[in-house]
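Two complexes, one shared chain (subunit A), two partners (subunit B, subunit C).
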Partner chain A sequence: MSYYFTILSPTDVPLFNIAFGTSKSGGDGIARFRFPDAAQNTYMTQFIINSSLDMLEEAQWMSGNMYLKHIDTYPPASAYISAFLTPSGTRFVLLHQPPQPNIPASSSTSGAAGSMSMSLSASTTSSSSGGGLFGGGSSGRTSSSSIAANPTAPQTEEAVRQFMSEVYEGYVKTVMSPFYRRGMEIRSPVFRAKVSGAGRKWL
Partner chain B sequence: MTSPGDAAPVKPPPSFSPGVPRVATKTRYPSQRRDSSASLESDRAEPRIGTSPTPPLSRTTSELPLRPASPHGRPARSSTPQAGRSSLGSPIDGRADAALETRSLIIRSFSPVIGVYASSDTDELVRQKGFKDGFWELIRPFGENVPGKLVIRDSVGSSRGWEDYGVRFVDLKESCQPPDGLNQGRNSSLGQVESVLEKQLDSPGTPLGGSVHPNDLLGLSTTSPLYKLYLRQLLSIATASPHETFRHPVASVIATSSRNPAPLESLRQLYADTNNGSRRVPDWIHPEYLRYYVLVHDEDRDDISESTKLYDQMKRHFGLHCHLLRLRSNQCVVTDDDSMQVPECEWLSPSERLLGHAEPLVDLDSDGLLYLFESDIMAIKSFVRELVAQSVIPFMENKVAVWNDRVASRRRGISGRFMSMSRKWAGFGSSSRSSLTGAGGGASGNYNVAHGFYDYDNDEALLRKMADYAFMLRDWKLSGSTYELLRSDYANDKAWKHHAGAYEMCAVSLLLNPLGMGTKTKLENVDQMFETACYSYLTRCSDAPNTLRCLTLAVELLKIRGGSAAESAAKWAMRAMDLGLIESIGQALFSERISACYASRAPVNGVRWGSRRRKAGMWSLFAADMWLRLGKPALASACLEEAERLYADVLGSDGVFPMPEMQTLVDNLRLSVKVGYLEARGLDIKEETGSTDPLDNEETSEKLDRRLNRRSLIVNPLDMGSLALPPVQPTRDEDNLGNDDFERA
Partner chain C sequence: MAHPARHSSMVSMSNSIQTVTPQPEKQLPTPQIQTPSQSTPGLRVPSNRKTIYDRHLNRSRNAELSRASFAFLFGEMVTYAQRRVTGIQDLERRLNEQGYPLGLRLLDLLFYRTISTSSSSTLTSSSTSASPPNRPLRILPLLHLIHGPLWRLLFNRPADALEHSVSPDTPNEYMITDNDPLVNTYISVPKEMNQLNCAAFVAGIIEGVCDGCGFEAKVTAHNQPTEMWPSRTIFLLRFGESVMEREKVLERAGVK
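Showing the complex of A and B:
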């Protein structure tokens, strides 16, 4: 499971970015995104997050909760988007990508993706290592550590919620700093450490 | 956002104009854009050459076919930003037109097939006129659009007129090939589709290359001609196969000519051939199709009174389904007074297109095209109209009514349900509810497992034929309900291809039926059906062309539905790309299509959210990227513009992406589009960049090194990974300003 977490201002400007991998079930906490083309790794996460803002805006006005749950999916890379809304309109967006494609036609999909993409160097290594790491995780699906296996399961939603509220706590403290002005990029290493700590803890 | 069109006539200073985002965005385009928008009035007033202060480069680039629409389109656009493309104006009817067009294309792709079987003397006569393949080739183009309105009665007795009805003439021997051996050819047919596209793209002289873009510009989701070609190719792959009867002959034209010494005998002989001779259809095709007898009269050589007499005899012998076709046997050339060009066939299968298109492309202006006398064309047209309106359609209506009465109603009523249920439960007390797994459980035993077909006179085959007839007669309500009946039967028999076909057509009928407007649950139903169909086609039968056809139909029809259906259309399109059925050009086309699907989702009234602009823009950018990799900067630039238009609403007033890497990608794409153009024109790039400098000196250095990167990307897309862009790259000045005084919290 790889994660990309972004805080977006109400005008869609990214204030904070972090990419990390899971630390559950033996994960080393390093993000390994799989995109059909290795060249896309640099920008795909941002595109997916940006495109999910369409859905986020809709969910933002249709529901009254701060935690908007799973709002969007990007099927070609099986990337899932969860979002959290602060009262000031700042959005926390979490992109998570399970180690193996999780859709029903998984076998044909992965085969097709293999034949399609020109270079598999990055993607095969990541998926094979991911498969190795999560071989145990997907078999022991009942344990809470297996959130990677099913991104839309209630356990995952709950874990993401815990993560989001912990990040929110840190965010509020950071934003209250007298040196911080609204709409500025968050560069505080303390906050970054807090976010990655929350990621280790919950995801 | 505000409507940018308002700004145009007044031309306020840029900072106050609502059109600013457009202008700002344009600066990231090749330099002449900004130039033309700044010195707009002079640019328009003066002739293009010489007098304007723009340096020579700007002139060359402005005449680049960045958008091959025309150079004149551009000043107009910069004066009234988004003129003609604004989201307020024309696109609404434009979109409706496009939707109707696609719908009609899909409907017409399922038109009845009429076999043609002519005696050798008839073929000889036609060959004299220049048609190599004989009578079939002569009448084929005229069947695709039956002139005038055709009135069709549906099962409940209400009539409806159709302007766009067509039939497809095929050589009868095509239908008579055995089903095996087709498979080999059909697997590669997707590859053939791809090569057709390639050919179309590479041929510079065809109208398509030039007209792709103007059409793209007109509306949000006007279908590009290239995509239409792709769709048409995809829909015309199918050949006669047991699992659906669309390609089985509904009727057959049996033709003889006045040259024949014994026309009546020859007609009888031909008829006998279709029954048990060389033209006998395989077991899975219903042999009782309509026979239509045609006497071709040679106007130039033979006596009409003889032929009339003969024709009277024919009518006495063969009944009403006869026609006397009067043709001149001399070849017509362009210089003849009343020569008319033979229309081109719209529905050529990919292989035919690959084979046959070569010569007309080589010498467009000379004898590649065929001509006919006007009188001949009129005669053929009226023949086709009479054939379709007075024989074929009544025949099909009649058959549907009969089968509906005899076969379908037995199954539909309560007693019918009981019957099928009892059949399902009979004789196996042990087997559980899921009769699918029981060996002989629900199977009717009619299915020929070894060869994979039902005999033509089994209930299942008849029902399928009836549903297909109803579908071709555009009675989608009846066809939908019949397919629904069939689905479980096929599943019981494990006739997976039939099963997939029934699910596919059931969903298509539901979507085509104008009354069955989609509520949420209905749409979920439809999605489910497509899912099943795809699974059966691809996983159980590994039939890629049909899977792709099914997915494409899903995409197009759901897109026409609009609203949330458009979104699921996009999902299906992504699925199709994901399954690896599509090759590179198709991938780019599908990306464009996904973008169009998302773009057609309109925002909720009165609020800004609810649209899918960002998603649409993203897919447009991806499409641009793919076109670039394919070496088609013209198409890439069209996609890029489309993306820019889509993003215009959601980006800030400066038109800059808030996310730095997205901005980098967009800049890279723009540059490589430009570079691609210059290279295509054979211009020296260094020279160009040298003269670009004075125009926008702020960004040039940046552009230069990015261009290098990007060019390496064109050569080998995999190098992108080694680009080593810093993860966050604050290139924008305003970002830096904001960050300077920030301290650690």
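Showing the complex of A and C:
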């Protein structure tokens, strides 16, 4: 499971970014995103996250919860977006991409052989959205009960919620600092360490 | 350990968003720039190794501030705001601006504290479960939030009254009354400035809370003395057009 976490101000200014991988079930904590073009990894994650902001703003006024759960999916890359909204309108957005049973190089051959494997190409969007869920849950080196296997399961939602709450605590501490003004980038290495610690703990 | 790389990706990010659409061929080189010149910002850790992230936010929860020191500090703030002002309105605007960032912060702190205690559902009167409090979506819950929890956080008691404008021309006006505002306790305003109400500072806090929640509003403080309460103050909240429009939409959608 690979994660990309972003904090966006109410006016869509990115305040904080971090990419990390799962540390659960033998993960090494390094993000390995699979996108059609590997060189554009940083673009794609941010692009997907920003494209989900419309959904977020819609969900914002429908429910008063701070944790808005899973709000958006990007089927071509089987990326899932979860969001958390602080009362002051700052958005915490987490992109997560479940692990792929096959490495991308071999997926083209196995994808032709059987429909079980999830297709990565954007051309087969409609089929891969359903297959992505199925493939993610039934196969892979991680067990089906782990967080990584099923991005929309209640356990995953709970883990993400815990992660978000922990980040929220750090965020409130940042905001309470008299030297922090709204809309400023969060540069503190301590905050960064706190976030990646929360990622190790819950995701 | 991976700090330099992360920092550079963070920096290139802001560039990338701007350049993503116009020149597709320029996208490729940018993320590969790994500028090693990005030094970690100078972090000075206090001698006891405790940064703000190691302190607990609820520790000062029940701590009380000395009223004398607050009165002194607030007096200084008013004096500071009074420098080079053109008039009473200008002075009130400055006090308002001093309160505004405080409101934004208190909002987050208030919710954080309610979550972490989670036993009391004081924020929303409707929710009976111990679930985390809801963000206010409509005007009324927001006003209750200000009238109750916010006032308790600031002054240890709820505000005295909450009213809606009776005039049909101004449905966007709400009033919160404080019979004896703490900020005005030790302030006697000179006669020639009797328009002034230093609770404009508190009005700024309220404005910050409203704005933070996504309710654009203008908040002003007005003197409204009565026989019994000579320093009675009314905070007038004027919500913007967009808020009233959204309010109607949400009402139709049945959002509470």
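Everything that follows uses one rule, which is that the second predicted complex is superposed on the first by the 159 of 203 C-alpha atoms of A that agree within 3 Å, B and C clash if a C-alpha of one lies under 4 Å from a C-alpha of the other, contacts with A are read in each partner's own complex, and residues count from 1 in each chain.
Note that contacts are C-beta pairs under 8 Å (C-beta built on N, C-alpha and C of every residue); 3 or more make two chains touch, one makes a residue touch a chain.
Since we're looking at a predicted model, the values are computed, not measured.
Of the two partner chains placed by superposition, only subunit B is touched by A:Gly183; subunit C is not. Once the two complexes are laid over each other on the shared chain, residue contacts for A:Pro87 go to subunit C alone; subunit B is not touched.
Using the contact criterion defined above for the overlaid structures, shared-chain residue A:Glu58 touches subunit B, although it does not reach subunit C. In the superposed model, A:Arg192 makes contact with subunit C only, not with subunit B. Once chain A of one complex is fitted onto chain A of the other, the partner contacts of A:Asn17 extend to both subunit B and subunit C.
In the superposition on chain A, A:Pro76 makes contact with subunit B only, not with subunit C. In the superposition on chain A, A:Tyr43 makes contact with both subunit B and subunit C. Residues 14, 17, 39-43, 46-47, 50, 60-61, 173-174, 177, 181, 185, 187-191 of subunit A contact both subunit B in one complex and subunit C in the other.
Here subunit A touches subunit C in the complex through residues 10, 14, 16-19, 39-43, 46-47, 50, 60-67, 85-89, 165, 168-177, 181-182, 185, 187-192, 194, going by the rule given at the top. Across the complex, subunit C meets subunit A through its residues 3, 6, 9-10, 12-14, 16-17, 20, 27-28, 31-32, 40-41, 43, 51-53, 55, 57, 101, 104-105, 107-112, 115-116, 132, 134-137, 141, 212-214, 246, 250, 253, 255-256. Subunit A meets subunit B in the complex at residues 8, 11-14, 17, 37-43, 46-47, 49-54, 57-58, 60-61, 75-76, 105, 108-109, 111-113, 115-116, 118-119, 121-122, 173-174, 177, 179-181, 183-191.
Subunit B makes touch with subunit A in their complex at residues 535, 538-539, 571, 574-575, 577-581, 607-615, 617-618, 621, 650, 652, 657-659, 661-662, 664-665, 713, 717-721, 723, 725, 727-728, 735, 738-739, 741-745.
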